[in-house]
Amino acid sequence: MLQFLVNPERFMAFSRWAAPLLGLIALGLAAAGLALDFQAPPDYQQGYTVHIMFIHVPAAFMSEFVYACLGVASFLSLIFRHALAAAAARAAAPLGTGFTALALITGSLWGRPTWGTWWVWDPRLTSVLVLFLFYVGYMALEGAIEDEAKAARAAAILALVGLINLPIVHYSVVWWNSLHQGSSLLRAGGPDMPAVYLAPLLLMVFAYMAGFGALWLVRIRGEVWRRRAAVAAMRAAG
Amino acid sequence: MRAFSLIFRRELALSWTGGGGPVLALGFYLAMASLLPLALGADPARMTAVAPGFAWLVLALASLLSLERMFERDFEDGALDLIALGPAPLEMTALAKGLAQWIAIAAPLALLAPVVVTALGAPVGLAPIVVACGLIGGLGFCFLGGVGAALSLGSRRGGVLIALIVLPLFTPPVIFGAGAIEAFAAGLDWRTPLLLLCAYSLAAGALCPFAMAAAARNALS
Amino acid sequence: MRAFSLIFRRELALSWTGGGGPVLALGFYLAMASLLPLALGADPARMTAVAPGFAWLVLALASLLSLERMFERDFEDGALDLIALGPAPLEMTALAKGLAQWIAIAAPLALLAPVVVTALGAPVGLAPIVVACGLIGGLGFCFLGGVGAALSLGSRRGGVLIALIVLPLFTPPVIFGAGAIEAFAAGLDWRTPLLLLCAYSLAAGALCPFAMAAAARNALS
Amino acid sequence: MITAISIESLAVARGDRPLISGFSLALEAGEAVALAGRNGAGKTSLLRAIAGLIRPSAGKVTFRGDGGEIAPEDAVARDAHLIGHQDGLKLSRTAWDEVRFQAEWSGGTAAAARAACARLGLSSLLNLQVRKLSAGQRRRLALARLAASPRSLWLLDEPLAPLDRDQRGVFGDLMAEHLAGGGLILAAAHDPLPIAARAVEIGGGQIGGGEIGG
Amino acid sequence: MITAISIESLAVARGDRPLISGFSLALEAGEAVALAGRNGAGKTSLLRAIAGLIRPSAGKVTFRGDGGEIAPEDAVARDAHLIGHQDGLKLSRTAWDEVRFQAEWSGGTAAAARAACARLGLSSLLNLQVRKLSAGQRRRLALARLAASPRSLWLLDEPLAPLDRDQRGVFGDLMAEHLAGGGLILAAAHDPLPIAARAVEIGGGQIGGGEIGG
């Protein structure tokens, strides 16, 4: 508790200017990325649907990146009982869920025209779905325990278990599909992506990351404010 | 009537509030559904065939998962004594418990079922019949399960009783439901099995509360 | 060691008597297996193809059934306090609980599995691999389930929440088990997936007790 | 409203063993009886039999109201409340949800529930989950449910045990007011009650009174 | 074996709220302390903190044995027993299974368990399921588990509540013998203990002592 009130001062001072700055960077990068994107020619196979890529691929990337952040924050909060880390983990989960949902939704929107179906049981898709379920489980667990400190610790344990498990899930799913003759339509994307697509894509990835950073900081600030209000209310109640 | 709404809202709150609500049901269903292709292989043809039956399985499982709590908690913490001393007969309480279980657990799952069944490759056109079967059959599962839950109160071998008494009773609705879905898919007469399912579930809803109340009274005494 | 055998025997006795977990799980398993032919229609070819995978999946789900009781009872009636004050660390208690769950629930299911699979039309020769997967995979399911049970202590929702937490963790063992059975049936290399299943379950048995103990301590405090 | 109870040669058995037999008692409005007896004498069983939860093996309990005799089921369903060894509270609900539900279930109002909570010093705890209350606070919650219920027959099974001294006083006042308002109290207790009550001893040393042979 | 405990400026918080702070106490072999305090003062929390179940927010508890200081985890795991508000008994097991398990779990023997049961008048009840015991009989079972465990630090949370007068005397004798044998007792109670004990009041009227604002 004390630790929390000491350290957060610095965090709050830092995030006060860092959050808006990151937000601006995100907007700038996204604007640039989208501008480049719309200058690029429609893909000869996929036509205009290729524009979905610039939303989809960064979202899919972020879904994993945010989980890593969540795992690290959970680890810190569990081992060092650092309250700011707990707040960070709590703040990251909905964002990660959002990115994962976005990746799933844009993916299936994209899949309809390109693969002719909303969903296939491909390893990549399956492991994103499992990741989504991890997020949902994390939030459900945290919401179901009323005592905040206990909820945070239980959720942190789950996040760590998930962190260890996700690579295994990923590889098992890949292995599964190679064993069962999967539908060979996909193997989405490929490294041989022309620069006209690569540049805006990278810009968009960075835009997503900056945007995530901004939202994360804002949400952590919100957590800190909430805790401070609770402490104040408690003092007032005597 | 007032008493019924009171106890019904209490039961609903106990099984529904806190942590997720529909999100939880959705997550549960998705998780179950994503295991199916993993276990069967991704071959769409295989999965399409099993998908509707699988939706049933999930419903039945979900209604068994929270069965234990239906009476046991109230029995062991003394709340059932106070409820029994209230204005309504235990039969009404049993009815409220069954309905709350249905609304809180079976109904959300039934409403989600078509999404999942479609994702598993079944034709979208099956959605109405899947929802209908889920809602109607779920009612039966909840009440039959409730009988098991009440019977197993305070007995040394509660689970055995549930298994021996309730699961056989699960069979008819499972058959009717599966029959209705299959007939619908094949363009045959699905009304008859659906009506049978309806009749069975309504009969369960009407008769089971008496069995539940009798079993609960017996456990309390 | 003495402490371990004590707590292990206690857990075993509790899950055999009282709750009747194994019989409920067995009943569920049989009921679901009898549902499969109904859902698929009588076409034997279809069923033979799906039977082993389906049997395997239902086995995984049946292990969810008595999970709720694994820690919650001891937590709410104060018995966990006394166990925590005992000579053995909670990690060991968690290990004993997981193993007892395995012996009491997963093992009977695994032994029943070949019967079911054969009844569904799969060749009798599959029996050994089905039993092996059931036994080994069941170990993993029990420990992963234990993590879910311990984490949800003191939460407002049991059953479905545990299932949601646990099912994503079930992904690898379900895949490995299904892979081993399918490869065995096809005369391919079934040793690799079975070894992977082994490795996963053993790792779960080794690591999950720590997570379970941490979660239980957190709930007690 | 119940104005008198008479118990005539009641016998209660638990699991094949006779526990109480030939027990008679008459209780009028405004009267309190303190049931005493060794552990296992059958105090809890007797209270539950009066509440209709256990079927007596012989004898009967008659309830009388202003308009003559009342059928036992009706009397109990409309006008009795039991405080058992267990508080009957759901750990996962808030204190307020629990009091209000019970008050309304017993025919009272939310306002009465709030007043009862204030009386028992629970007002500031009402938003907490029951899980977070101390043992004494939980018992006070159970007593607030009792006080909020407009029921004239109070069956109390060691109601005071986990309360601190002040709260025992408060509950003593509540009991006294209840009696003054024409209520009836039948309380099992090992310690003296904080109100004047007729003492009735059950069990003693006879068969089934003390312990049951294994 | 624990021969002394010293608690130094211990602070305990529940759910963000400081409950106890700056609590100090020293307890030697053969000594008993009776903790008093209002409902919600933090008696249960304090006992659980000493048992290591709750992590104190400040201060520490030191255990000393014949051979010098003992690490708190070891001290508690080998030499302490807690009787909480709940009895910690499994309703579906027999009384004997429950006593024997706990006695062996705490390092005692089945013979000690049998002797403790005889002492507390439980011998004839041992084949019954715990579900069938009366409240006082259950508490006696919990106390028999305590008496059968060779543990010197007894942390007791209102141990006497549901016992009848005779049994309180019996348990008083057990406590006296435990102290005479070099044991330590820390008991929370609202009523006076049947042994001589130093009284320590916690909570009083200060912040966190009484109730928590909703």
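Letters are used for the chains, namely A, B, C, D and E, taken in the order the chains are written, and counting of residues starts over at 1 for each.
Operating definition for what follows: contacts are C-beta pairs under 8 Å (C-beta built on N, C-alpha and C of every residue); 3 or more make two chains touch, one makes a residue touch a chain.
Everything numeric in this text was worked out from a predicted model, so none of it was measured.
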(request) Treat touching chains as neighbours and tell me the shortest step distance from chain A to chain E. (result) 1
(request) Would you identify the chain whose Cα-based centre sits farthest away from the centre of chain B? (result) E
(request) Report back the single chain whose CA centre is most distant from the CA centre of chain D. (result) A
(request) Have a look at B-D versus A-B and report the one with more C-beta pairs in contact. (result) B-D
(message) Please tell me the distance, in whole Å, between the geometric centres of chain C and chain D computed from their C-alpha atoms.
(response) 45
(request) Indicate the whole-number Å distance between the mean C-alpha point of chain A and the mean C-alpha point of chain C. (result) 31
(request) Would you kindly tell me how far, in whole Å, the mean C-alpha position of chain E lies from that of chain C? (result) 37
(request) Mark out which residues of chain D touch at least two other chains, giving numbers and ranges. (result) 85, 91-92, 124, 131-132
(message) Where in chain C do residues touch at least two different other chains?
(response) 17-19, 154-157, 161, 164, 167-168, 171, 175, 178, 182, 221
(message) Give the residues of chain A touching no fewer than two other chains, as numbers and ranges.
(response) 130, 133, 136-137, 140-141, 144-147, 173, 176, 180, 237
(request) Write out the stretch or stretches of chain D touching chain E in their complex. (result) 14-15, 37-40, 44, 85, 121, 123-128, 132-137, 140, 157-158, 161-167, 190-191, 211-214
(message) Help me check something: in the complex, which residues belonging to chain B touch chain C?
(response) 15, 17-20, 24-25, 27-28, 31-32, 34-36, 38-41, 46, 49-50, 52-54, 56-57, 60-62, 64-66, 68-69, 105, 152, 156-164, 167-168, 170-171, 174-175, 178-179, 181-182
(request) Using the touch rule from the top, collect the residues of chain D that touch chain C in their complex. (result) 91-92, 131
(message) Give the list of chain E residues in touch with chain C in this complex.
(response) 48, 51, 53-55, 76-78, 80-82, 84-93, 97, 101-102, 104-107, 145
(message) Which residues of chain A touch chain C once you look at their complex with the stated criterion?
(response) 78, 130, 133-134, 136-137, 140-141, 144-147, 150, 153-154, 157-158, 160-162, 164-165, 168-169, 172-173, 175-176, 179-180
